[in-house]
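Both of the next two complexes hold chain A, though its partner changes from chain B to chain C.
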Partner chain A sequence: MSLDGNRSDLRLGGLGPAVVVVAAIVGIGAAIATLVIDGMACSATFWKSYLLAFMAASGIALGALFFVMLQHVTKAGWSVTVRRPAEAIAGNLQWLWVLFIPILILVWTGRGAILFEWCDLDYMHSDHVLSGKLGYLNATFWSIRSIVYLASWALLAAFYRRQSLAQDRDGDYRRTMTMQWWAPIGIIVYAITQTFASIDWVMALQPKWFSTMFGVYWFAVCCTGFYASIILLLIFLRSTGRGADVFTREHFHDLGKLLFAFGVVFWAYIGYSQYMLIWYANIPIETAWFAPRQLGPWTWVSWLLILGHFGLPFVLLVTRWTKRWRGTLGLIAAWMVLMFLVDVYWLVMPTVPEAALMHATSWDQLAQQAAQGTLPLGWNPSILNLTALVGALGLLVAGTFFFLGRAALSPTHDPRLSDAMAFENY
Partner chain B sequence: MSSSLRDARIWGLAAQFTSPAEICAAAAKARESGYRWFDCHTPFPVHGLDKAMGLPYTILPVIVFFAGMTGTCLAIFLQVFTNALEFNIWAVVPVVGYQFEVSGKPLISAPAFVPVAFELTVLFAALTTVSFMLLLNQLPCLYHPVLKSPKMKRITDDRFMLVIEAKDPNFVRADTESFLESLGPERIVELEP
Partner chain C sequence: MSTLPMDHNVDCLSDDPRQRAPLVLGHEQFDTVTSEILRCNEAKRPPLAWTICFVFSVALMTMLMALVGYLIVTGVGVWGNNNPVMWGFPIVNFVFWVGIGHAGTLISAILFLFRQKWRTSINRFAEAMTIFAVICAGLFPGIHIGRVWLAYWLFPIPNQMDMWPQFRSPLLWDVFAVGTYFTVSLLFWYVGLIPDLATMRDRATTKVKAIAYGFFSLGWRGSMRHWHRYERAYLLLAALATPLVLSVHSVVSFDFAVSQLPGWHTTIFPPYFVAGAIFSGFAMVLTLAIPARQMWGLENFITMRHLENMCKIVLLTGSMVGYAYGMEFFIAWYSGEIYESFAFINRAFGQYAWAYWIMVSCNVICPQLFWFKKIRRSPWTMFIITLFVNLGMWFERFVITVTSLANDFLPSSWGWFQPTWVDMLTFLGSFGLFMTLFLLFIRFLPILAISEIKGVMPQANPHAHDHHHDAEDHA
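What follows is the complex of A and B.
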């Protein structure tokens, strides 16, 4: 079975360039606004916002890359039609590395301490724990690692997208075998690079802290962002009258299940597992990361995540009909994108008032200081956070629609295409 | 009601078909003709058959949800009860739980209760799923008239059977047989109780 890739409802047509132009203007406009509002000063808030935006955009694209490879590892039939939009989102990894260059330059030119404390060598030498980490956390090794991550993601995304598009043209089933052969290797590469990237770019914001769960937590974050995003993307495509026979109610049901499984339950499971061990052991070097997140305004963000990222969507998604009806699924997915952004914000933004933590005699004393606003908790909501996020996500949307417009919206000659179009949930 | 009395020796009539498409069409016609006590026997799950038969969606998920919630509540109650209990019955009998302080944590510490709550939720939900699946399917079933006739053996191989039971209010031996004939089956089998 094959599809006619030139069918008008399987093509973006004029819609593609329109969305690309609008999203690119919004994205670049927001990026320029970020620079202008910051007064070209490249302040600490600017760099935090920049990292926040980069992590959010790359997180969604990474989730997509994992999804594409997972379908090949499991030789999935149901997902063949939704794989093409996922390939388009993952395709952004082919250019997202460009957005990381400013951070690399920042670290190379010796001003990295404004973002990463470990770039401050005096600070690193002031502590036994920190000086012991210098062999890993130094500008040279960190840069090499970052380049390896970005390069491997760009290569994987390009490989899967190109093979899939080439199969549309020549209909060669052996391309599916090639993609399947590489998928387990790709997943292993992905697992290692994504884990260490989250350690190097987010966990290293607080160089003294460590959590062996952090890479998995970041994986759950990526999954949340991706599944919520692709549901919104497919609902948008369907609302323009496209792909009615390839993006069926069954696909929305299954993507809703995956959002429920990975974005809600798995996320909560990993987040809790990380929290409980640290809470139980109660060792200062470990609890220092959670302390600011339970002080002052961050307390409410933490509660918002527990209830809004787990409690509410759990109740909403656990039943069958909310996943099968695009109206409810779309609302939940939009909410989950918001929660994904709050989660990234919660991971990147808080800072640890190390001196205050060391000298505090009780938790109540810290809570009092936090209430008075005398603790440097990193609670600094700024318009820069928002403009930077809009900038990166606008470019991500533009990139996604650029890639979507270059081919049919669904693979047209995949050997498992008929499975995907005929399957039903029971 | 009287039909089943008239044909007391007959449990039902079965029509044998050779393809999934035929059994789906036959099931839809049986439902449209007003039959309710009928069933389909196939060698493998046939997609769309439950829709053709007009079967309602299972209630099992709702039961499992409430069973899971019962597990959660029970687990939290159990832990709070045993850890932090302290009260008197009629001011005479003092009841004190096993108040064991761990690394300075409060006796009622929500994070410590989560693993047990999670496990009991899963345990209750899983056991309820299995037991109510069996219950709703009326399993285990040690004897079934459909399996008695040797002519029915091919439902585990390559044939599809539509069985209308004699207890159906619309069941009249001759009428039902001619109805089944009209569906164009390979053959019709009489089933003894």
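What follows is the complex of A and C.
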């Protein structure tokens, strides 16, 4: 079967440019506001907010890229129709690299230490553990790696989007086979680049700390961001009267299950395992990363994650009807986008008070210092965090609607289209 | 057996995305499915190959029992375990067998939730394999505790001495994790068996069989109400079993990872152990399925497509294991911890380097052959590769357990582990236990899930092709 790609409810029509313009204005406006509020000083807070925003936006797009490739690896039928919106979200990886250029410039102009401590060579040479890492954490190698990650994501996202759009035009089922052929290779490239990107851009913020699980944790973060976002996107499209027969209740149910499985349970499993193993062994170099996250105001953020990213959505999503009714699913998905942002914030923002940790004689002493606010924990909520996030997410929305507007909202000639339109969750 | 109508006459290996490959070949009617699957159960005498295997397996099992008796009478000194390698073969074998079980749970629970219909041809014996593997696994910690007659102390049973197990020890968590796993797997397997047991009851030729199968089929009559409740229960059990796929081997990995020992303490252990468990489990499913399908003539149900799919899962999970090896190595260097770096360099180039390279070549390099379609479609090549994977995964547990214990922080307390003949024969004997149970299973219970297989045939979907409507009447 095939769909008529020109059906008005399968096209964004005038809505596309409208959303692009509004989202772009909001995004660029927020970005300018970030610069203005910062007084063009490019302060440490500015750069941390910038990285936070970049990681959040790229995390959602990466989750989408993985989702698209996964559907091809598994020859999935149910998801054919929702793949197009996912391709549009992943499509942002074709331009998101532009947002990384300022960070590259920062590192290359020698001011990188304001964001990444490893750029401070004096600091790195002051410690034999750190100086040993210079072979990996140095501007040249780090930049080459970053470029490789961004380039491979852009290529993969472009390839899958182009093939899919071309199939709409020529209806050639062999394109599905081409996409399937590349999908396992793409997933391997994805696994390696996403892992090392999370190590280089987030884990390396605290150059002494390490966790073999970190790449997997970041994968769970990307899944949360993506599944929550695509549910919101599809609900928005349905609310404008679009795609009633392609984005059915069954798709919402299935996406809700995936959000539950990966964004809630898998995320909690990985987070718990990482935390518990480090807590149990209690080795100072490892616990140092968790210490600030359990001190002062960060304690509440950590609790918010445990209860808000796991406890509450677990209870809400475990039943069937909440996933099948767009009203409840939309609220939960919106909450999960918020929790995803809190999680990225919690990963990027805190700083380890190394000197204080080294001299502390007891945990109570640290807690006391934290209560007095004399510990450098990186707790510095600023309007910049918010404006930067709004900026990057605004641009992500603009990009997504730009890509969505260029084609039908669902693949129209995919050979497995009928699977997606007929299946039911019993 | 009639031929298939033209529109279904597609190659089961076809990659054409316009059509889903058929999951069952050569059957147009449901009753031939039943009789073909039950052929081996209903034969008067088992095949000669079965009898030979059974005699051999029982002999091995008897040897296992004798060795366990010898161990209990003499003490754990009969093993190679020493100071510092306190954990030798028993823990290696325990982790190996628990891992083997995981494929069954993945197939029965996770692939079910993911609507992977091809699982119906392999889930029954993979689930059976899970249960038998967990029995073998449970044996080893049980006999490792020294005073076997006090094994019940592992459970938190209140007693007059007020002796409680150490709740902070992951070894105790293992008791709960493996106990839950065994219980849920058994329930899941049994619930799935009920309609098929009723089929066997209805077809029974002797009174004894009719009573025995009738007793266990719990009065199943196949009414709509029965089916409805059965499918609800099955779905719920699948949902309950899904976290078990992750939790059991995660808890097993905690045995190692909560310590401070270099090579054991690393955060990726839980998902890495889970991937490794599924990897070894699928390898074992293939190792058993390839000969079984040939001997029992089940090629119409376990088609080449099924084997190919399993190869792909072996490739996927093998690559995940490779990712974990790589990540451990990278972080050992990146961390700048000398003990951590030493542990890994020592694994690769130290006194156990041979074991390490067996592990890497069997687990990482070998499954990469499954990238080639030709190899994924040649059963006996697969069979050999999966044997290597089984070997490699045993060596993985050996490398983890022994190398880290033998060479820890203080060179003055380093040691060397050498298994004794009792160690080796006990491990060999556990295969006897496993195979005996497995052979009894394929003789007395349906090796494939008959009712589920019928459910994935096109005839089961009344709307698929109108001319198939009458086929259902033969169910």
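Side notes on the structure shown:
Everything below uses one rule, namely that the second predicted complex is superposed on the first by the 426 of 426 C-alpha atoms of A that agree within 3 Å, B and C clash if a C-alpha of one lies under 4 Å from a C-alpha of the other, contacts with A are read in each partner's own complex, and residues count from 1 in each chain.
The rule is simple: a residue touches a chain if its C-beta (ideal position, glycine included) is under 8 Å from a C-beta of that chain, and two chains touch if they have at least 3 such contacts.
A quick note: this is a predicted structure, and the numbers were derived from the prediction, not measured.
For the composite obtained by overlaying on chain A, chain B and chain C cannot both be accommodated without a clash. Once chain A of one complex is fitted onto chain A of the other, the partner contacts of A:E424 are limited to chain B, with no touch recorded for chain C. Of the two partner chains placed around the shared chain by superposition, chain C is the only one that A:K133 touches, whereas chain B remains out of contact.
Once the two complexes are overlaid on the shared chain, A:G13 sits clear of chain B and of chain C alike. Contact comparison for chain A: of chain B and chain C, C touches the greater number of residues.
Within the superposed three-chain model, A:R320 lies in touch with chain B and out of touch with chain C [touch as defined at top]. In the superposed pair of complexes, A:Y280 makes contact with chain B and with chain C alike.
Common to the chain B-facing and chain C-facing surfaces of chain A are residues 276, 280, 426. By the touch criterion given at the top, residues 74-75, 77-78, 128-130, 132-133, 136, 173, 176-177, 180, 188, 191-192, 195, 208, 210-216, 257, 265, 269-270, 273-274, 276-278, 280-281, 283, 285, 415-416, 426 of chain A touch chain C in their complex. Residues 272, 275-276, 279-280, 282, 318-320, 422, 424, 426 of chain A are the ones that touch chain B when the two sit in their complex. For chain C in complex with chain A, the touching residues are 15-18, 20, 113-115, 231, 243, 246, 250, 254, 257-260, 265-271, 319, 323-324, 327-328, 331, 334-337.
By the touch criterion given at the top, residues 45, 47-48, 57, 61, 65, 103-105, 111-112, 114-115 of chain B touch chain A in their complex.
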